[in-house]
Amino acid sequence: MSLVIPTHPQTRADMVRACVHYRDGCKVADLTLDAISDVLEVDDGSFVWVGLYEPDETLLHKLQEEFGLHPLAVEDALKAHQRPKIDSYGDALFIVLHTAGSSENCAIGVGETHVFLGPRYLVIVRHGTSTSYAAARERCEKHPELLRLGPGFGLYAVLDYAVDNYFPIVEQYRNELGTIESHIFDRQFKRETIRRLYNLKRDLGRLRLAVSPLADVLNQLVRFYPQLVRPELMVYFRDVQDHVARVTEATDTMREMLTAAMSVNLSLVTAEQGEVVKRLAGWAALLAVPTLIASWYGMNFEFMPELPGRFSYPILIAVVAVLVTVLYRGLKKARWL
Amino acid sequence: MSLVIPTHPQTRADMVRACVHYRDGCKVADLTLDAISDVLEVDDGSFVWVGLYEPDETLLHKLQEEFGLHPLAVEDALKAHQRPKIDSYGDALFIVLHTAGSSENCAIGVGETHVFLGPRYLVIVRHGTSTSYAAARERCEKHPELLRLGPGFGLYAVLDYAVDNYFPIVEQYRNELGTIESHIFDRQFKRETIRRLYNLKRDLGRLRLAVSPLADVLNQLVRFYPQLVRPELMVYFRDVQDHVARVTEATDTMREMLTAAMSVNLSLVTAEQGEVVKRLAGWAALLAVPTLIASWYGMNFEFMPELPGRFSYPILIAVVAVLVTVLYRGLKKARWL
Amino acid sequence: MSLVIPTHPQTRADMVRACVHYRDGCKVADLTLDAISDVLEVDDGSFVWVGLYEPDETLLHKLQEEFGLHPLAVEDALKAHQRPKIDSYGDALFIVLHTAGSSENCAIGVGETHVFLGPRYLVIVRHGTSTSYAAARERCEKHPELLRLGPGFGLYAVLDYAVDNYFPIVEQYRNELGTIESHIFDRQFKRETIRRLYNLKRDLGRLRLAVSPLADVLNQLVRFYPQLVRPELMVYFRDVQDHVARVTEATDTMREMLTAAMSVNLSLVTAEQGEVVKRLAGWAALLAVPTLIASWYGMNFEFMPELPGRFSYPILIAVVAVLVTVLYRGLKKARWL
Amino acid sequence: MSLVIPTHPQTRADMVRACVHYRDGCKVADLTLDAISDVLEVDDGSFVWVGLYEPDETLLHKLQEEFGLHPLAVEDALKAHQRPKIDSYGDALFIVLHTAGSSENCAIGVGETHVFLGPRYLVIVRHGTSTSYAAARERCEKHPELLRLGPGFGLYAVLDYAVDNYFPIVEQYRNELGTIESHIFDRQFKRETIRRLYNLKRDLGRLRLAVSPLADVLNQLVRFYPQLVRPELMVYFRDVQDHVARVTEATDTMREMLTAAMSVNLSLVTAEQGEVVKRLAGWAALLAVPTLIASWYGMNFEFMPELPGRFSYPILIAVVAVLVTVLYRGLKKARWL
Amino acid sequence: MSLVIPTHPQTRADMVRACVHYRDGCKVADLTLDAISDVLEVDDGSFVWVGLYEPDETLLHKLQEEFGLHPLAVEDALKAHQRPKIDSYGDALFIVLHTAGSSENCAIGVGETHVFLGPRYLVIVRHGTSTSYAAARERCEKHPELLRLGPGFGLYAVLDYAVDNYFPIVEQYRNELGTIESHIFDRQFKRETIRRLYNLKRDLGRLRLAVSPLADVLNQLVRFYPQLVRPELMVYFRDVQDHVARVTEATDTMREMLTAAMSVNLSLVTAEQGEVVKRLAGWAALLAVPTLIASWYGMNFEFMPELPGRFSYPILIAVVAVLVTVLYRGLKKARWL
């Protein structure tokens, strides 16, 4: 869950991805940051949606002034590596989300999103490799009847978008589990399989830490903040809750199957080893019998009636051949070969 | 839990399996979809039961209009792959069930049923391979004294029918567990057994995910919606709750036994391997002794008193025979052979 | 937990084991079933205790009429295989218990008892191999001061009797665990031990399913039904609760020890196998040394100074004897033999 | 947890260890049992503390009369083998504690203490090998300002004393765990270690069953009985609660470490076995090479150019010596020897 | 978690690290202990912050007098080895924290801090190797607007400082886990790895016991003591709560990964052993074939056509060479060599 925080300086345009004024569910205008306080002066139920990408301290303090954000929340928003959580500061909320995004080379980049939600503003601060919330904002603009209920609907759109981004990850993990399973039931033991299994276990642990606290965040949202999240929006948040539950269930199921897979793998490895020993024993027996016989007739007694016989050697060959064949068949039948 | 969603177009007759008007617990008439709104205009406590099979979007939107269903619920009903859940929208409920049906070739087809329950309607949307709820509806019609309490009794009949369909699955899993157990205690280790064990574990996990959320669904039904589920019906819903508990208990017990079976299997495999090594060692010893003796008298010393003896060879044969016999008996007694 | 439901027809006398009228804590008279309704007509606080053994449908419907039992409860009472539970129907309760009875040949026969408790009746329906509740009824008659509090005291007596019957089972399982433990720490591995361990695990699972729901049943009894279970009786029911807790604790402890035993067993089996390999290696070494030497002097070089020597052979014998002895002692000391 | 109930008759003096009358936190007088009722007649807030050691039935019934104890509680006090619990009977409490006492020969003797607490009496019934509560009573007498709050303070002193007696046991178990750990990481596997590990697991299970129910007992004491346990005493009971939590935490931690130890032990045993096999293989290789060569020159071909050579034998010796040395070093380096 | 309690006598200056009087969020003066009661006489909302390091009994009793601390709390503060907890005594709180400090030689020194919080005082008692809270106090002095809310803010600063000190420990453990993981997936099994794994498990268990009770302590602080912890400070305490949650989550994740690592390790060790056996078997086969052939032609039959042949020996050499080469390649391909 390491975040790639860019160290090179960014321009303000890079950092402020959106700053829009909404009234009655419709976009009024794009704003400059300085215009925000003017707009908020008029108490007409309108609100401002600000989207930031890895803002620097100056920018966040600017917003702190404009919206009157709580210093502790701003401090949190400056550093990544927060747990998913919800904090309430007076009439405002500060929410931390972990976002997922499977990048091209199949590594999973995890980002963080911090949300400030007030009665008249929604500030989204994005860190790391997550995708932009422009799509979520567009979706909101298509539902003016809900967006007029205030920035809470915007929060829903952002949460829904973020949670839905977990599903491809879950799918990817499910595929990996499938691959591991098929390797495990493969005859050929591969050290690599165990390593992948272990890594998947760790990744699932991380996913769970990212997703499961959201259940609590959503629970608090639908219960305790009716002035920010209107009752009409409850069903929407509950829908997100349900998606979170699906991700959590899928994760837990996979974790459990992984444990079973480990256990099964040990059984199979042990059994395979038993097979090897059996086969080893079988071949040893097959060679030991003629070796014994050969040693036997290598003895130097003066009087061994078999030795001088004209046909002793061919008879012996025949006897050994029969013995080995019988033994071979017996071992084959008993599955020792 | 993959659902076979038919891609070929269906006629409306295929999709609408039932559309019946009930008043005072008795069937009044079969309706066309268009007639529904006319019937509901009169507030006479009557209600409409609609049964659908994999409806297309047009059809669901038609029903949305007729009954005033919530758009989010309709959106859910259009896609399969929901978790079992209960959502309340105003005075209506939307319930998702997973249904089970063991098909002929012993594979388990899982379907989904979505239920819309309003004060005056019950809409059942069936997906996948579950059996029709016609039987449940017939049962309702035999109890007009309960059906007159409203569509809640219909919901009970559907839930009861769906949950009872899990019992054959449980039975099937129990048999599979029995087979696996007997294989495990079999002397002969079979790789296949481990695979079946693993598969059963996965299937039980799925069954649990399908059934256990129903406990919560039923709990909410009997507690929070007295206007939809009349107090007189409580005992019936509690009966379903009890059936859910039985399925859950059976599943949990089997899961636990599977874990024990895995552990026992590992012990047995390891022990079996020990037996193999022992037997291998036993036979090696039995052959090593005469081999040593044969090698011994294969030495080329000029003065070995045993070699020229007239009876040395037969004596040696006798000695080896005795040694091997004694050794064989000893090893047999010590269970190394 | 299979119940032996007799298929041959029973006479009513076989099925009705008791039908007694109690007033003020004292037995008034034995009744016929038909006389029940007459007796109940007079509202004098008296009540009727009916004891049935595997009643047929006709009989149960007769009682349903006499006492006004709820149809769902009667339906449940007709089939065995219920979970332990408590259902309330209006002013009456329906309780399902699992009963235990260790039969002579050490198999454990599990029965079911269904109890209907109303303000003026107590109907006990016994299924399977449990012992008769006559003893419980006699005990009640010895405490008229408590029996006058109504049929709730009868229910206590029945529950107490049923729960106390679990203790011998627990004892039997504890002995079995002891036997398994001693076998596990035995040097000699026995396949049979693992099987017994597995069976005990299964049996304990069953016992838990039978007993642990009683905790909830009793909890509900002491909390929610003061009109049926008078406050004066609370302490008695809490005593039963305590017995249930003891059985559950004992079961859980044994289950946990079984898991540990499995784990310990695997360690011991693995270690034992290591010992076998060590000993095998030791003996192999002991034989390999003289075999090598014998092979050595079996070589056919023309010029081997040792061969023609007069005392070469005895010297060799001496050398081999010394070598083997030293090796033997060394291996013995290192515990490889 | 077997209690040694003495079967030989005891005198009443043996059984009644203390019977003291306290008023205003100070000892008034030692009483005879018969004098108790006289003393209690005067409602002056004074109370009687009775300490018994394994009383017989007659004695307990005597006390039942004097204090009006509930028959069920007296019945419980007559038999040992109760679970730790708290029962309330009207205005009185009956409490069961398990007590620990590590006797000299390192075996742990577990006793039981039953406490009857009423507004004006505290009856302590001791069973088994626990130490006398005389020390606890003396401690009470040193704090008259707390003892004047009633017998609740006496109860605190008894509980505190009993719980503190668990700490040496915990310490003893901790030492045993340390010993087992050091044995496990020892090179030499000892069967005995596994047995001790298993026994410790069982002992810890017992300790937990004895201690953990006390958390609930104390919880109820501080919450539900303000008339018996005065608010001023809350902090004292909470202190005992904290001690119980410490014992429970220590027990749980040790149980967890034991599980890890079992797992680690299996890994080490398996790995050790692998080492043995490796060493076995190494030595086998070291012997197999000269054996092969010796066999080779034991062949009887007429034309083998090496055989007649004058220096063939010493050359061969040199070759074998070099081969074996090289092999030995190679195996040593690869850690196979 | 052993504490190094210094046994040599300390001067009072060593023990009293700070004694400061704060009014309206600003430092008024450093005080002597005797001056405290004078200062507190005036009820002007000012408070006294006392910092102690391993005080002796005399000193603590002095403070008990000055602030009116509860005797039980003082008794606790005299002995180390308390669990993290919160106790309320009238209008004051007594809090026990475990503190962490990774000392230079990588061992982790654990200390304890006891806090007495009253409406007008904050007494910090430090035991063991934790760092001084001077930094926390300085931080407070920089926020007079919060410090004026009373000693609660001081408590926050101390808690925040103590919890933040756990993060380096967590980081250290995470590194250790990483090292162990890389060792486990190393080809070369190391006994030492298992020991480190076991030790890490124990250390994580200790860390959890130290940190997780803080969740409860903080929960009680923000809920139940509004007069000591002003509502304005809630968000600060919730921030600490969040840090505690992060430490706990990290610990739990690591514990879980350790269990997986143990399991994976066992699989790898077992598999490695199988590899060893396979290679052993392979080399045995490679040597057994020429040995058998050599023994064969060591037989002493008079009529063996191969023996007198002029080119028999070179032909045999060729045959053996071919056989061994083929066998070698076959085994190499089958990964037995």
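Read from first to last, the chains carry the letters A, B, C, D and E; within each, the first residue is number 1.
Following the convention adopted for this analysis, a contact is a pair of C-beta atoms (placed from the backbone, for glycine too) under 8 Å apart; a residue touches a chain by one contact, two chains touch by 3 or more.
Treat the numbers as computed from the prediction; the structure is a model and nothing was measured.
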Note = Between chain A and chain D, the fewest touch steps amount to 2
Chain centre separation in whole Å, for chain C relative to chain B (CA means) = 26
Distance between the centres, which are taken as Cα means, of chain D and chain B, whole angstrom = 42
Query = When you check chain D against every other chain, which residues touch at least two of them?
reply = 263, 266, 270, 273, 277, 280, 284, 291, 295, 298-300, 304
Task = Could you give the sequence of chains met when travelling the ring from chain C by way of chain D?
result = C, D, E, A, B
Note = Note: in the complex, chain D contacts chain C through residues 70, 72, 76, 82-83, 85, 87, 89, 189, 191, 194-195, 197-198, 201-202, 205, 209, 259, 262-263, 265-266, 269-270, 272-273, 276-277, 279-280, 283-284, 287, 290-291, 294-295, 297-300, 304, 306-313, 316
Remark   = In the complex, the residues of chain C that touch chain D are 181, 185, 235-236, 238-239, 242, 245-246, 249, 253, 256-257, 260-261, 263-264, 266-268, 270-271, 273-274, 277-278, 280-281, 284-285, 288-289, 291-292, 295-296, 298-305
